[in-house]
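Working notes for the structure below.
The chains carry the letters A, B, C and D, assigned in the order they are written, with residues numbered from 1 in each.
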Amino acid sequence: MDLKITGGTVVTASETFRADLAVDRGRIVDIGRRITAPADRTIPAKGCYLLPGAIDVHTHLDMPFGGTTSADDFETGTRAAAFGGTTCLIDFAIQSKGQSLTAAVETWRRKAEGKACIDYGFHVAVTEATDQVIDELADLVRLGVTSFKVFLAYKGALMIDDGSFFKILRRARQVRALTMLHAENGDIIDVLVSEARAAKLKEPIYHALTRPEECEAEATARAIRLAEMAQAPLYVVHLSCFGALEEVKFARDAGLPILAETCLQYLLLDIERYREPRFGGAKYVMSPPLRHKSNWPVLWDALAGGDLQVVSTDHCPFNFKGQKDLGKKDFAAIPNGAPGIENRLQLIFHEGVNKKRISLNRMVDLLATSPARIFGLAPRKGSLAIGADADVVVFDPKAPFTISARSNHMNVDYTPYEGFKGRGRVVTVLSRGKVIVDGRKFLGLPGAGQFIKRKRFSQ
Amino acid sequence: MDLKITGGTVVTASETFRADLAVDRGRIVDIGRRITAPADRTIPAKGCYLLPGAIDVHTHLDMPFGGTTSADDFETGTRAAAFGGTTCLIDFAIQSKGQSLTAAVETWRRKAEGKACIDYGFHVAVTEATDQVIDELADLVRLGVTSFKVFLAYKGALMIDDGSFFKILRRARQVRALTMLHAENGDIIDVLVSEARAAKLKEPIYHALTRPEECEAEATARAIRLAEMAQAPLYVVHLSCFGALEEVKFARDAGLPILAETCLQYLLLDIERYREPRFGGAKYVMSPPLRHKSNWPVLWDALAGGDLQVVSTDHCPFNFKGQKDLGKKDFAAIPNGAPGIENRLQLIFHEGVNKKRISLNRMVDLLATSPARIFGLAPRKGSLAIGADADVVVFDPKAPFTISARSNHMNVDYTPYEGFKGRGRVVTVLSRGKVIVDGRKFLGLPGAGQFIKRKRFSQ
Amino acid sequence: MDLKITGGTVVTASETFRADLAVDRGRIVDIGRRITAPADRTIPAKGCYLLPGAIDVHTHLDMPFGGTTSADDFETGTRAAAFGGTTCLIDFAIQSKGQSLTAAVETWRRKAEGKACIDYGFHVAVTEATDQVIDELADLVRLGVTSFKVFLAYKGALMIDDGSFFKILRRARQVRALTMLHAENGDIIDVLVSEARAAKLKEPIYHALTRPEECEAEATARAIRLAEMAQAPLYVVHLSCFGALEEVKFARDAGLPILAETCLQYLLLDIERYREPRFGGAKYVMSPPLRHKSNWPVLWDALAGGDLQVVSTDHCPFNFKGQKDLGKKDFAAIPNGAPGIENRLQLIFHEGVNKKRISLNRMVDLLATSPARIFGLAPRKGSLAIGADADVVVFDPKAPFTISARSNHMNVDYTPYEGFKGRGRVVTVLSRGKVIVDGRKFLGLPGAGQFIKRKRFSQ
Amino acid sequence: MDLKITGGTVVTASETFRADLAVDRGRIVDIGRRITAPADRTIPAKGCYLLPGAIDVHTHLDMPFGGTTSADDFETGTRAAAFGGTTCLIDFAIQSKGQSLTAAVETWRRKAEGKACIDYGFHVAVTEATDQVIDELADLVRLGVTSFKVFLAYKGALMIDDGSFFKILRRARQVRALTMLHAENGDIIDVLVSEARAAKLKEPIYHALTRPEECEAEATARAIRLAEMAQAPLYVVHLSCFGALEEVKFARDAGLPILAETCLQYLLLDIERYREPRFGGAKYVMSPPLRHKSNWPVLWDALAGGDLQVVSTDHCPFNFKGQKDLGKKDFAAIPNGAPGIENRLQLIFHEGVNKKRISLNRMVDLLATSPARIFGLAPRKGSLAIGADADVVVFDPKAPFTISARSNHMNVDYTPYEGFKGRGRVVTVLSRGKVIVDGRKFLGLPGAGQFIKRKRFSQ
């Protein structure tokens, strides 16, 4: 036996119990009250939780955006992820205009290979749905890329029309893939942004004011209807507000296969952030924007109750100096995105579990088990189960933390969570049985992370 | 006193009572139990109802469509309308690409002048919403054109995008005009039509199958949200199905100023009509298409209960021979539209009032009082009130009728209601105090109809 | 011709127009631009509205309650009603335990005969639904008593159980009568009141706190379901809050024949009134109690939009001195009820029409036309129509008013509306063609009011 | 180590994996890929699932009803349960009129002691809610009886009024217990039953026709409102139809702590059963009655989607001969109840999992994990977790079965599922580490089952 972790408390999506856990050849091989067989290495975990490694299904590493590139590449990004207890991520390969989807995936695989310290997969973002592109979807599924994303926002750039979206939904259903959606009405936003710019409104707050909740709710409602017509499942990414959630709830009550995630930031940060002085609001420029804080309890309730199934990060960092300031004179030129990949587990644990908004088991479900099941990573990932990949996090629920850009490992000069305090720290992280984080030391290796061929979608 | 009608039963939107009615200089001047003052002419109306002249707010006379022109011009169309008890209509001036809205209205006024036998107004259909066009909306209101229509269907032709629609809604609100909407998702329909054509599906039934109810429900839902964002009122034209109605109901329950009409055909004809042999289905090709008949009781209930406020016709006739047959080899080439302007009152009376689906007073409301109030024709039109225009219909509720293209007066070689029987006939029609229909004789004059400057919208 | 009113503006539920109005033998005989025929009396009405006399379908004159009797009898109550523009009322004959319904009606007819100054009818309140009582319902309908009320509140007194209610609903449907409902859950209120008393809580505010909105919403929901099972129409009296309204809306959207009224007080007074010092809160003790003022706009919107059809008063006055003070040491001993019969028209006009919450025509509908139609008084009552009873109100919309118990005519020592100011005064009132109010003079006669046999309910 | 089970597939509410499982001193001590340590006994489980023992939270063993007693006592009932894979049940101690709740529990404990072959707990059914009884609720919780049931049906027998129900809800919240509800409107049912009897309608079908779905939906709606007022959680037992489910869904969407179970029979049997000839319908007389089969997919969807959390049996058997026939001349005299305790796991597995209506993990959740968590049995019961009671079922998913009263072990002469076929059989059952079922042999002992003190309710 390669390794055992002793004296901890195993937490799954449905159970919590004291047990030792043994690992051999990268897999979990034993969970027992007391594992007495000898192991090459023993990690004591008294007082700690053993959690399945978290999975982040929404990241943008090394991504070109508005003339710059997100600040974390697959090396720095996955290292930071590991420090935060995330042992697998799914990034987005984005089709350039005129490019084939396979080529887009190839481009992104090259970004990741030799760099990623944890396992990864890809969604593909379809920005041009020609007949040829539609035909390629089946090929992607065979490659293990079993989810396709579309944007109803970013008019003139990533946005596709309803007809293209509808074609993708239908084809995705046929090849048993999952369609993912960025739900904002790009047409309306385009009008509002143009007007704001014409009126010489430059500050970051106008980013939020030109992308109101109604635009998200409308696009969500429309997409659900199109999915219903196409008889296809749909996964709504970064749902941020009550209006959009109501649409998802309504659809789920009607028995439709509509899934949705929210992100860390929509649970903890609010629209007032855009008013931070000295262009500070730019740090929070992302789409959808941060919302009024009345949405927070609504989103937490939906996480607890099951109407939202995943918390991801939409990690897409840009430095405040040198990147965010591209938009100093024009909010619309601020690169969209913010860092988060490293802080998800600790913040969801403290704000969610410690504050009794969700149970510990539900947290595991939201961060690991459900993402794995929805995106075809199960049963290898997402569970502490015999035979699963030994992606394990030893987590000390009592250890205090204070978040700061200085102590974070992401390659970006700020964090939106600066000064957030709480209890709950990642102590040790295993990736397929290898210790990659040991306290404050990183023991992982660039390139050790593998591309994971994901399974087809099944409800 | 010019004229009196004696011994009839006056019907308004709220009352029904026996009375004589007197007319002088084109206006109603007296309603009394027995009007003894002498009149130049006396029309006995024993056993008959006196109704305010019906108003048809949705017609397309002399309209170019797909390389042909609707078969009724303002002379034949308004004559047929009068025979059917309609004494005022509002037609659509349609902006050509590159044309100003004022020019479009001017074009349509020329079509009507010297021809119309009854009073008329215009909505303007905006097909290109440049900044200049948006600026023109205020001018139109000053001209008495206080309602603007947009299409979310007919991609590549009349359809505008959500951003343009939103701009129009907001500007309409500012100038106190009403935005009207053709609610179908043109993008999705475009996909479905293209696929049907690619599959060599040619028959008229494919017109209906490529424009499913979901497309109407989705566009209705979207438009309501946009109107809510714009804080603007919205009038949904030719609502045809349960799904769209649910959206309207939901909005109205939330207190939003959403109004909607259905048309005669959606209450009485169903999708099975498209299967008539020998290309007969083409007679019913219109958009939205006829629906499953399960929608009929739902629409009648909404008319009775107030969630629908108007019944119009969307009269847009094309001859079966020479026009409809343009699409003999391709359902998508069949000119869209069907005749109805002449048969609305009798059919709504028989199918609605005689069959106890709506009350007699509600019929008056739906065909006259509400259209007049909504579209700024009140108090001149829509009511039997002292001082109102003497647009009066003497209606015999017992007289039997059988509808036939031969006996109709519309300039078209068929009627979708061929063979419909019932009781209830227009006996005499007054337009501003002049008898224009006297039994089977038409006494009206081309050009006698006047353009009516309509008032601004107020709830 | 007995009388004409000249120069006024006639207002009906659907029209507003300048006209003279002529009356002969108690009926309206002519409405004309200018009635030149001579009349015995001419009432000039320049600048005034002519309205159909208002109808109050919810009053309790001369009613025993908790050991005392409501302070207005049929003489003082109907005189005050007339001063307020109300020309017809429907009071409740309440079955005593062991009494037949016919006997109850007989008791109430004796209270009214020789006293009532305006026309009146009766509902009967069923408090014991034995088989015999159920059998009597058909008899009542033949007597012109075509509506039956039940209480789901006042446990141990007026309250009946669900089974009895259900039997009444079904029988009412068979005999085409309308079931009316006091919707509060008496069981729960009983628990809350007992607890408050046990805790020595004595002040009037506890009346409101022990009858929360939820109790009304629940009973409304339950009653609607029972009505649906019984396939019977239902009229919810004195609906006071959002929760109950939502149930009514939901039912109406589903096409169920559910009708509802609210009362003056729920539109204008709020729960804070119960905190008036020196036992002042007792003046507002009624059931349901006054609610939080957030309910006001919700109720006004429902009146405007059609989900509520009637505004009544639930007039049930008790003197502050000598009656209300029976409950000085125990809120539960305060007689339930408050005066309002005289102030409805002026307050609804000022707060509703002048403040643009409802249109003038809708006011007429809510106060006259709809009550008449719903309760079988039409076409004699509720409309300014040729042939209708000449119950006419000349109303000056510009005249200012200030409400005060001193200037009111009701036989009670306070008014809940003390100090309310506005514009709109009743100038002249006709009851079946007789002038009964002429400015500040009362010309009516006790006993001149007639019992009106009402028609059966029809939708 | 006392025992190990080797080669099986462990199934929990969230995972499925191949593993060995080891038991020592009644607890699960190890779950490993291959457990090599020696054990006193080894049970090979190749090709089989290892499931946590199922929990049945709704049974009526040895229960007096209408002059007779349910046919299974705690010995025969728990033996049959064990054969069906159920290793724990919660029965109802029913308060007799005048009896204290503690006495009721004592009565039922005596029925169970020395007889029960598996572990058990009790709910207490409150039929008379005097102040004294309300005070006792806290005592019960201390005894480990942490759920209280009320009936809104069975008028004149078990039914309590809304006030009593409300008091129980509030007290239950204070002592952190869960209130359970039989939701049918007993008043209405009483009317309908009386009428049917008066009309000499005797056949079993009238049992169903006098207890329509609306009665269940109404009571469910009412109870949810009362729970909301009391801010208390509520568990709706034997939910059988769409209407009631809609109320539960609506409440859950609003974030209320409303839980609900359905029972086996409502998923698989329909109202047509009552028409079985020769009084056969009596076999299905239970309350609520079987419903139209259109409810089946609705209930399955709610089980899959989370709106229903538990499947129980409401096992309450009466022999067809000698018990059911008490109602031969009067459907209302047929004892209410049917057997099911033995067939739940196999039928839910075959009809649910094999037919892809729910996942295997969800089945475990519905039959074991959720019932344990909701009713305070976790973490001892409901999971295959280290440290949990070794209540384990070895289940062969391929083995065929045909249900028949002859081969069943329940002490009753029929089964409603006679002839149901499928795949999935219980092979071996462990109760706290002891093998109590070994193929067709029963090795358990009367009295070996222990009373389980349950924890307080927590969400």
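FYI, a contact is a pair of C-beta atoms (placed from the backbone, for glycine too) under 8 Å apart; a residue touches a chain by one contact, two chains touch by 3 or more.
All of these numbers come straight from a predicted model, not from anything done at the bench.
S.K.: Using the contact definition stated above, find the chains touching both subunit A and subunit B.
M.R.: The shared contacts of subunit A and subunit B amount to nothing, since no chain touches both.
S.K.: Averaging over Cα atoms per chain, report the distance between subunit B and subunit D in Å.
M.R.: Spacing between the chain centres: roughly 60 Å.
S.K.: Taking each chain's centre as the mean of its CA atoms, how far is subunit C from subunit D in angstrom?
M.R.: Taking the mean C-alpha position of each chain, the two centres sit 52 Å apart.
S.K.: As a quick test, compute the distance in whole Å between the mean CA positions of subunit B and subunit C.
M.R.: A distance of 40 Å separates the two centres.
S.K.: At least two partner chains per residue is the criterion; list those residues in subunit A.
M.R.: none
S.K.: Sort out which chains touch which and give me every pair.
M.R.: A-B, A-D, B-C, C-D
S.K.: Quick one: in the complex, what on subunit C touches subunit B?
M.R.: 10, 12-19, 22, 24, 27, 29-37, 249, 252-253, 255, 301, 305-307, 365, 369, 379, 383, 385-388
S.K.: Where on subunit B does subunit A make contact in their complex?
M.R.: It comes out as residues 161-163, 166-167, 185, 187-188, 190-191, 212, 214-215, 217-218, 221-222, 225-226, 228-229.
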